[in-house]
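Chain lettering (A, B, C, D, E, F, G and H) follows the sequence in which the chains are written, and residue indices restart at 1 in each chain.
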Amino acid sequence: MIQEMRFVVAYLFMAIGVFFSLTSVLGIIRFPDVYTRIHAGTKALTGGALFVLAGGAILAPSWQASAKFVLIIVFFLITNPLSSHAIARACYRHGIKPELIYKDEYGEKISNKKE
Amino acid sequence: MILTLAVIFPLSSAFVIPLLHLYGSRGLRLFLPIMGLGAFVLTLAAAASGFGDYALAFFGGWPARLGVVFVADGLSSVFLALAAFGCGASFLYFYEQMGTGPWRFYVIFFLLQASMNGVLLTGDLFNMFVFYEIFSLAAYLLVSYSLTWQAVEAGLKYLVMGTVGAFFILLGAAYAFIATKTLNMAALAASFPQMPKATLIVIAACMVVGFSLKAGAFPFHFWLPDAHSSAITAVSALLSGVVVKVSIYSLIRVSLLFFGDALPSVFDVITVLGVLSLLGGHLMASRQQDIKRLLAYSTVAQIGYIMIGVGMGTATGIAAAVFHSFNHMLMKSGLFITAGRLAEEIKTRNIQDMKGLYYHRRGMVLAFTVLAAAIVGVPPLNGFMSKWYLVVASVEKRSFLAALALVFGTVISASYYIRVLSVFYTPGEGFSEHESRRPVLAIAALFSACCVVLGLLPFFTPIWELFVEVGSKALNTKDYIAAVLLK
Amino acid sequence: MGLLLLCLGIGWWLWKGVAAMEDPEFIIGPAAYYIINTAEETGAANIVAAILFDYRGIDTLGEASVIYTTVCGVAMLFSKSKYKRSSAGLSFIARRGVSFLVPFLLLYGSTIILMGHMTPGGGFQGGAVFATVTILLCIVFGSSFEMSRIKPKTKETIESLGGLFFVFLGGVGLLAGAGFLANTAAGFPRGQVGNFLSAGAIPLLNIAVGMKVGAGLSTIFYSMVRVLELEFGEQMSEVEGNDKN
Amino acid sequence: MTAFFAFVCVFLALTALVASEAEEVLSAVISLSVFGVLMAMVFVILQAPDVALTQAVINSGLVTSFFLVAYSQTQKPNLLEQKQDIGDGQ
Amino acid sequence: MIYVILWGLMLAALGGFYRVVVGPTVPDRIVAADAMTVLMTTTLATLSIVFKNGVFLDIALAFAILAFADVLIMAKYFEHGELHK
Amino acid sequence: MKPKKAPIVLFVALFLFWALYTGRLDFAGLAVGGLLSTLITWATWRIFSPPAHELPRNIAPPLHFNFVWSLMFFPLFFWEIFKATTQVALLTLRPRLYLMPGIVRVKTNLKHKTSLVVLANQITLTPGTVTVDIDLAHHELYVHSLNLRTLDECAVCKDVNRLEDRLRRLLE
Amino acid sequence: MIKISYATAIFVFCIGLYTILSKRNLFKTVIGLTIMESGALMLIVTAGYVHGGVPPLIPMEGQAVNPLPHAFTLTAIVIGASDVALALALVIKVHRRYKTVDLDKIRGLKE
Amino acid sequence: MRAMAFGDPVSMVFVASATVLSLAVLLYNEWYFEGKERKTFRFLTVGCWIASLGALFAQDWLVFVIFVELVSLTLWRMIAFADPKAALIYLLAQLGAAGIMLIGVAGVSLETGSLAMGPVPPEWRWFLLFGLGIKTAFPGLHFWLPKAHGAAPTPASALLSGFAVKLGVYGIARLGTFASAPELLIIGSAMALFGVSMALMQHDAKRLLAYHTVSQLGYVVSALGVGTLLGVAGALYHSLAHALFKGLLFLSVGRLEKAYGTKDLRRFGGRAAWEMPYTFIVFIVGALAISGFPGMSGFVSKVLIKEALMEKGMYPAYWALQVASIGTVISFCKLGYYGFLSGSKEGEGRMAREGFVCFRDFSGLLGMVFLAAGTIFLGLGAGAATSFFGFSASGFFARSDVFSSLFIVFLGAGIFYLAKGFLASGFKGALTLEALLSEALQILASVRSALVKMHSGSLRFYLALAVFAALAILCYLAR
């Protein structure tokens, strides 16, 4: 019974993760510019991967495997914001202007600084 | 033991040199000649140990089927001796010219020597690939060592083509592995005849293409003239004299061991490649104005000679190929050393600017003359003898086309070497009056003397018999398999 | 197009080469022996590591030498160049995050090296992780930051020592009369399979390779990062010169 | 599993093609890194964890950094000016 | 069931690949490639459940720990034009 | 938690990592892990406090780690993520995109640079917002948001402040 | 499955070869080398696979795959990486001399 | 190494001719050259002589080829002093010949297990014959000869036609000494006729002599083709005689050349008979000898050859040789006339009178006189000489022989007198291998330019070619 519960919960998590992955990829395809796509990419991680991995951690045969799943989650949580942030900043510094933007306080700050 | 040391000693020398350099460079001055000498002696010792009977060294104490084994037989012994002499001369030349300053050069040099010994000794196909890669990388680096634009470009081209060749070799090894699930060469040779033909073809083609790319046979030779002419003199001598020969060794070993019984048409391919590279190399060399480039194209042609010998696939053919390899090492190393030194001294490599060099650099030009005569095949010198045996081998196999190509190539080569020599001996002015330094002269003189001696030795039947024995032993795959697998 | 056809022609023959063979049902050749006997003979749980460092140790020495050659070569090619030191790195967030990660990366690398005889991994992979760490440091903190910590001299020393250590461990076997790179036959303790201290010399060899690869790959990166090159014309006499960095 | 593996293989070939055909070098490098990940996956499916780990370690970080270092070094057409700048600056 | 997860993740990665191919700018490609890497790492981890062997998690972990280096390097290149700054 | 305790926290973290990664709880494994962790801590704990010229000195390292709150914090955090992800997923699934992206400046009250960084990362992890840059001097974050919702009122700031409050309770 | 793997490996090898042959950019050449190498490696690893095999680590349940190709592949990966590093270093050097990475312009050495 | 030993009469004859000629040339050198060149030539002549001795004493085909190559090398060096290009062609031709011979030799050694000089299996004979044919300048294979002779310094020319080409004859003789060889007969007669007809068309004095070498060698070859003892004796005798008188003629033409400063017959002043009487005298001896004037060496040898031919009933060859003799006479009349006699005694043209100021002048003449004496000795002492071959020659010199020779000589002189104007006009364009060879060279050049185009520096092309070759290899292996 507990075993079956485990399976159900795990696959539920995984299904949610896959759903989020697919939507995020849809976002990557549909969104208009880099910055918005970065959001979608972040979601691929947080929405998709984390849930799938959590499901995997539940499903894993031994505690060592579960621990490794947890480690993967932890490292994703540490590393991915870094890379997303670095890319966003690099894009902005490189001079790629967002195609669709309603408010840009960062741009104002940079231009102020330059002056 | 000695076989292992022949690889390990230069390798650890290469590891030690940075330490010596970083912590007191005086040690470098002291130890570098010792290392060079040690590598030379150990290589020769390995050659000697393998000449009579099969000498084996098992790594990790595992039998040949399980681990890697080093095998020295007659064929590898001859090539080991060749490598020892070629590397020694090149080392001496460079040491005399540059001293201990460019220590990284020595690191790469010793890596090259170690890996060449490894290729010559190893009895395992994948291990051969690994050593092959080391020495290829070292060779690319040595080519681009001088960092002139020619050197860099040549190094890059050499690298790309050589890497493609290496991948072909890797592919061949992979197919051999897929088919037999083993990579020991003896075990492979034992199981090759039962292989499906399609696989056999792929292995053969990959091996031949890969080794030809590395050796510089005709349609694959394009990196060779660039690399050999752009490198510094010592490196040119090393590349033309030794490095290319190691590829030839691999070709001989692999083709004889694997395809001798299973797929004899490989030898036709090798013969055709040999004929093509002979004619192509000579024809291209005959219009060169740059002396090092001329010599480099001549190397292509000489590779063709050797490959014709290999392609005959008979004991005489192999013996002639081996003999010619050795001779070519002597001649081409000597030629590169003399011509390179002359070109460095007068600061031009254009042949037309070398008018009257004889009257200013008597010793070097005389040595060059002897060596050039030898490479053309003037009778009492070694080039003639090896060509004669090549002709004998090809006539024995009734491939007159190859024999005629040999003759024709010799005629063309005479034409361009005479062009160079006549420029040297035409009176002319405008060179500084000093003779090259002693050690270089000594190397050149030694090599030309060796040319004369080796030209006369085969007249004494026993000595030629030795070479034929090497060839027939290399052909005798059954003995090889038995010696490696049953011990 | 012709070129594509050319390549596909090669591919066609290659395909015929494999298509002629049947899929293997079971393992033959030396590998069967390895699978059965590795635990007993070497004490390593990872058969690949046992093959790499014991059965075919000379291959690994060759592999290490390949990297060494490349390192020396790249350093030689760029020996005339100099570092353009700069501390312009990435943003503070990236710096902080990476600096938080670095100890874990280091531990991860050393774990891979030390567990090479039990789990996937080994000297090469761990060394590559170390190299990645140094590269990351350079990228994130700017080149001046990392330079103040590990000098090229140190790296080169580490690399040479790694190589010598490998050769020394091999030489022990040679001295013991069991052949170069012999493991248990040369008296290294076999230990309990799956235990940390097992497999004789394999962990030590892993460490040697890890030293070599880690120092080597990061040297390659740092050599290539050097920018300013004095164009010395093309005379041969000025090649190399004195290589002080 | 076979179908999944076939899919991964097709994917691998696609990434290789893109790495080959992309007109920008950077795009090719990016594609190459994806290619490396797929390679690792292929190795995993072929039950070769050691190889996959090596591929992972080499592919993420090392190869890309080498490519990008080389690429950034070749993006400066006029080196002499640069040299001047640096000389003045320090 | 687990295959559905695998296929879903890989299809998602394929969608990301579309962006890698057509992405108008390089950062687009980088973002998409990063997302693909994450998805494929997850797939790798899931594969370990398929094969019932925890060893394969090591590879996923390696990607999880090291894959961000790729993006950081590219971001650095993008921000400064060269890596040695 | 005093500054000298930083290495100890690092050591514990490393040791935990080792134990989880290797999954061996026998004596040899733990001993080697302890040894390695000690070594690496000794070698690298300084990286946590980079040289003086890198950072303004007056910002102290985080003072405490509220363990009890952390039990609450992480589930909330994940719930937050789940919520945001669902929102954004629904956003992408609509036939027409209703996006209103923009970069806003968010003023925070966090005092410590590490907690600032953690906040930034947390913001990035939450779908719909990405931290573009950080202004250490003014304790400000520049956040790119996928959907500002309103132009005048800073809806994003509210979200961020909610996260920030929790973080402050965790770390300060 | 093995055949699929072989086919892919060969195809990848051919793509690498095609890249080297057809692209003018030197970086593309190096990328081609990498791809080619990967194809060869995949071929070797496939050679060790058996149906239903498990990884060659000692607590084995079932038949292990052939570990020998894995060892080869490890070595070959390292060699390939070294090749790539050296090639890139040389590309930088060539660019220093020629101010271009266009392969059709790097033709100083002719005939 | 297979031993060398003193040879039988066959080689002794050639040794004698080589020795005598070398001595004469050595003496002549002293007059002809100055300074450094003289030293070099002294050295080279001696070297040439030693090498040819080696070739003649060789018991072994390989050693023979080696020494012949050495002779070629020394001669190449001599020719290269005057004209490097012609020398190169000469050397390349010789090398090619040697190479082809080597193929044959290799075949022989494999077939019979020994390399000993002597008859060889028929399959390999053609290789050897082809190689030796180039050395002996068979028609069609003679392309190198006129150029080399024309360009070379006179002593080199003398050595060249005196015994360098004879080494080829020696080889042919060794190939089948006492076997009838119809192909040799045909080749020989063709050579004789062809050489003479070409010689008639020349107005370069040395080229004329060179073509005569071809023609005279034709006698020798056809005599060898007879295959009887008599034929061999005739061949040997003729080659000995030819060495002497051709050397003599070359040396005297060399003196003319030095005096006039040109080799063109039409530009000779024709006053040499008065200014250089000694030269004229020895020239006359040589000319008479080559024309087969009774009492001279040429007479004896030609009679021997003709007898041999008659004996076997080989009339076509006989008549061909007779016609060739007439042509010989005509052309030597031409040479003598334009070289020595055409001008009047008081003509213009400045020319140093022959004198004997120092040893040099003397030694130059001495060499020639030495050869002339030899020629006359061989003619008059025919009995003594032929007894060397083991039979008495006296029986052959019947009156009819003397008369027929005289008839030929006078017929030739008469024809020359009548057709003087026509003969002076010269002749261009002959069907030789040279044309073919130049065609071949054209092809070679185009191949080479294609090769050069291939080396375009484009790495992609190189690799594409390599891959293509790989594909080709795969296809070939799968066949």
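In this text, contacts are C-beta pairs under 8 Å (C-beta built on N, C-alpha and C of every residue); 3 or more make two chains touch, one makes a residue touch a chain.
Given the structure is predicted, the values throughout are model-derived calculations rather than measurements.
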Among all other chains, pick the one whose mean CA position is farthest from the mean CA position of subunit E.
H
Can you work out the whole-Å distance between the CA centroids of subunit B and subunit G?
27
I'd like to verify one number: the distance from the centre of subunit E to the centre of subunit G, where each centre is the average of its C-alpha atoms, in whole angstrom.
20
Take the average of all CA coordinates in subunit A, do the same for subunit E, and state the distance between these two points in whole angstrom.
11
Multi-chain contact residues (two or more partners), subunit A
24, 26, 38, 40, 45, 62, 64, 68, 71, 75, 78-82, 84-86, 89-90
So subunit C residues touching two or more other chains come to 3, 6-7, 10, 13-14, 18-19, 24, 27, 29-31, 34, 46, 48, 56, 59, 62-63, 66, 69-70, 73, 77, 84, 90-91, 93-94, 97-98, 100-101, 104, 108, 119-122, 124-125, 129, 132, 135-136, 139, 217, 220, 224-225, 227, 229, 231
Where subunit H touches two or more other chains simultaneously, the residues are 452, 455, 459, 463-464, 467-468, 470, 474, 478
Can you name every chain pair that touches?
A-C, A-E, A-F, B-C, B-G, B-H, C-D, C-E, C-F, C-G, C-H, D-E, D-G, E-G, G-H
For the complex, which residues does subunit G have touching subunit E?
54-55, 57
Would you mind writing out the residues of subunit D in touch with subunit E in their complex?
1, 4, 7-8, 11, 14-15, 18, 24, 26-27, 30-31, 33-34, 37-38, 40-41, 44-45, 47, 49, 52-53, 56-57, 60-61, 64-65, 68-69, 71-73, 75-76
Can you tell me which positions in subunit G touch subunit H when the two form their complex?
17, 20-24, 29, 103-104, 106-111
In the complex, go through subunit C and note every residue touching subunit E.
83-84, 86, 88-90, 94, 98, 101, 104-105, 108, 119-121, 125, 129, 132, 135-136, 138-140, 142-143, 225-227
Please name which positions on subunit E make contact with subunit C in the complex.
55, 58-59, 62, 65-66, 69, 72-73, 75-76, 79-80, 82-85
